[in-house]
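Starting off with a structure, shown below.
All chains are identified by letter, namely A, B and C, in their written order; residue positions are counted from 1 within each chain.
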């Protein structure tokens, strides 16, 4: 039976998230910590950025979901990431790996390879990063996506099969696959690529959706996270005059997005 | 004679702050550095985030007030915090301890215990944190407050008595005590809990008020900081459509809040 | 022949930047990473904050321009800065040094002296910092400018002559010199000093202008960066109600500023 995401299921998962306020631990890069925490709070989740050795592991034990984002991985943070990954792998806590700019940069590329062995519930990246992570390309220019999500589908399926992960590829049409089924979400707005953290915060939101609904299929939960996030971006863009006001309106929209918005706007195939 | 806070005293202390632009050194967590610096600048203080060993101490010598916030305490920052705490204890510079998420997390809980020995002028936290710091509870879920400020009053009084500190507990009604007198400020808005740094920046603002008026009783100065901050939040909420626009309007309100706002809005008991 | 900056050249350089989306690597302080990345994205450049040892050097090899900002220089970041500086000096990649708060703080003051030996294309700071860097003063209070840009002209010319750098001094009238010619830009708004990162992000924007037009004289390119940046600030101030809404409008204005704005507003002498 193939997995599908309907507007009704998306609405239901968003309601579960807001009722449960899942605790989402984010070990993420220094550029986007503030925006990520604010996106989680706006949506209705509870953020915590606990990312030092000796605390990252204990905290992961009580978290509902965990994000590990490799954007600026200091030595201390790398140790904390390894510590948290052991705990979540052991506890079965859903976690998301965001392999920012892997490929050409050696430290994070090695780290990503090690973390993959802990089998993330979801791997989220742009097309260049997913292709590089699968060992099929050289990566983009840092966080830039130089490839189309559809071009990354074989790489996404390879990773999904090898690590038992759902793989989410961001782009103008987002693509989410468990290696078998492929869901595509056609919402969003180009301004998400003109603010820093537009992709990174989605990793944390994905961890929130996974943590809020542990009994739901991970492909559906991850796709619901992308769906809510990108619909909020559409709403925000209608009220914004540029990237600055877009970021502000986007946080407002994450807090306000509701069943009617999702019913009328969602483009899933 | 019991300490009281009147609107007139609050107005006077705010005027002193804006006239003196106190230099506030914040050793704080990576999530809220930007928001904290912007809150201080908006209010009229001069922020500096000097938090590396070898500089944190020398800088503390020229600072008017210091904040030590334990949100994401890396090894290097812990060393810098210890260095700054020695200087401020020696120099008599007023400083604020914000024991973010103490209780269950071992590294910061040990650090908080050490820093307490340097006798902070003010300890600021939510109810869970104050209860945990006093050794009377297990702490909340990270930065979440799971307790009511009134429930933390015995813990606050215990800490105040033991360390000679003023203790400020954030909540829907904020509570500030020196162990004897208890001031309650009924201003604020729930959106302060839906943006990251809503509590953390108050710690820095409190240090600014202490630094701007070294001759004023610390209970009154700390309460004035909470009063101005939470009145600005009320003003901002009236202009905002959600947490994103609230944060923006809040910075505007910190810059604009004036005597008339304080006179008409303050709810102190 | 003396170097001049005309509105037409500024317009041309901005168009080159937007067409080329230069990759700007920023090794910068933790307070302003987010704002800096957003300013670069809004303007049309591609930001990357790669600042760990083992990656900072390799990344510098592919960057179009690099910023090294000394605001919160952790040990790991200092090592990464040294690594990147070797690469850019070797490759001839234009890079900007922002000597935040040099003078009284020992760690960054030593580091600044070492980095100067790698001959930055541009040194950008406020008057206090430029005077302190030239060894002619004690520095300001942290990031505060306590001196007028014109007072820093001798120090700027000394640094320019000694290191072959263009020196940009921020203030109410910005001053940019290569040691011979002096360009003055009379645009801007005081609110740029009431938001954190108002100066720091200009360092990254300067690196973007240098990287986008490697064949243009560096004095003109650096001055064009200041010109576009400060004109955007003027536009933003007209739409803002305080420092919070100014920061948002400023990002919008960086994205929107166009030839007509520059033609009608630029004040260069």
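Keep this in mind: a residue touches a chain if its C-beta (ideal position, glycine included) is under 8 Å from a C-beta of that chain, and two chains touch if they have at least 3 such contacts.
Model, not experiment: these values are computed from the prediction.
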## Note on the structure
For the copies chain B and chain C, the interface residues, called same if over half of the numbers are used by both and different if under half, are different
### Query
Once the Cα atoms of chain A and chain B are superposed, what angle does the rotation have, between 0 and 180 degrees and to the nearest 5?
120
### Task
Determine the centre-to-centre distance between chain B and chain C, using the mean Cα coordinates as centres, and give it in whole Å.
33
#### Entry: Multi-chain contact sites of chain C, meaning residues that touch two or more partners
30, 34, 74, 247-248
### Query
In the complex formed with chain A, which residues of chain C make contact?
23, 30, 33-34, 37-38, 41-42, 46-52, 54-55, 58-59, 62, 74, 76, 247-253, 255-256
### Query
Once bound in the complex, which stretches of chain B touch chain A?
29-32, 34-35, 71-75, 101, 104-108, 141-144, 194-197, 240-245, 247-248
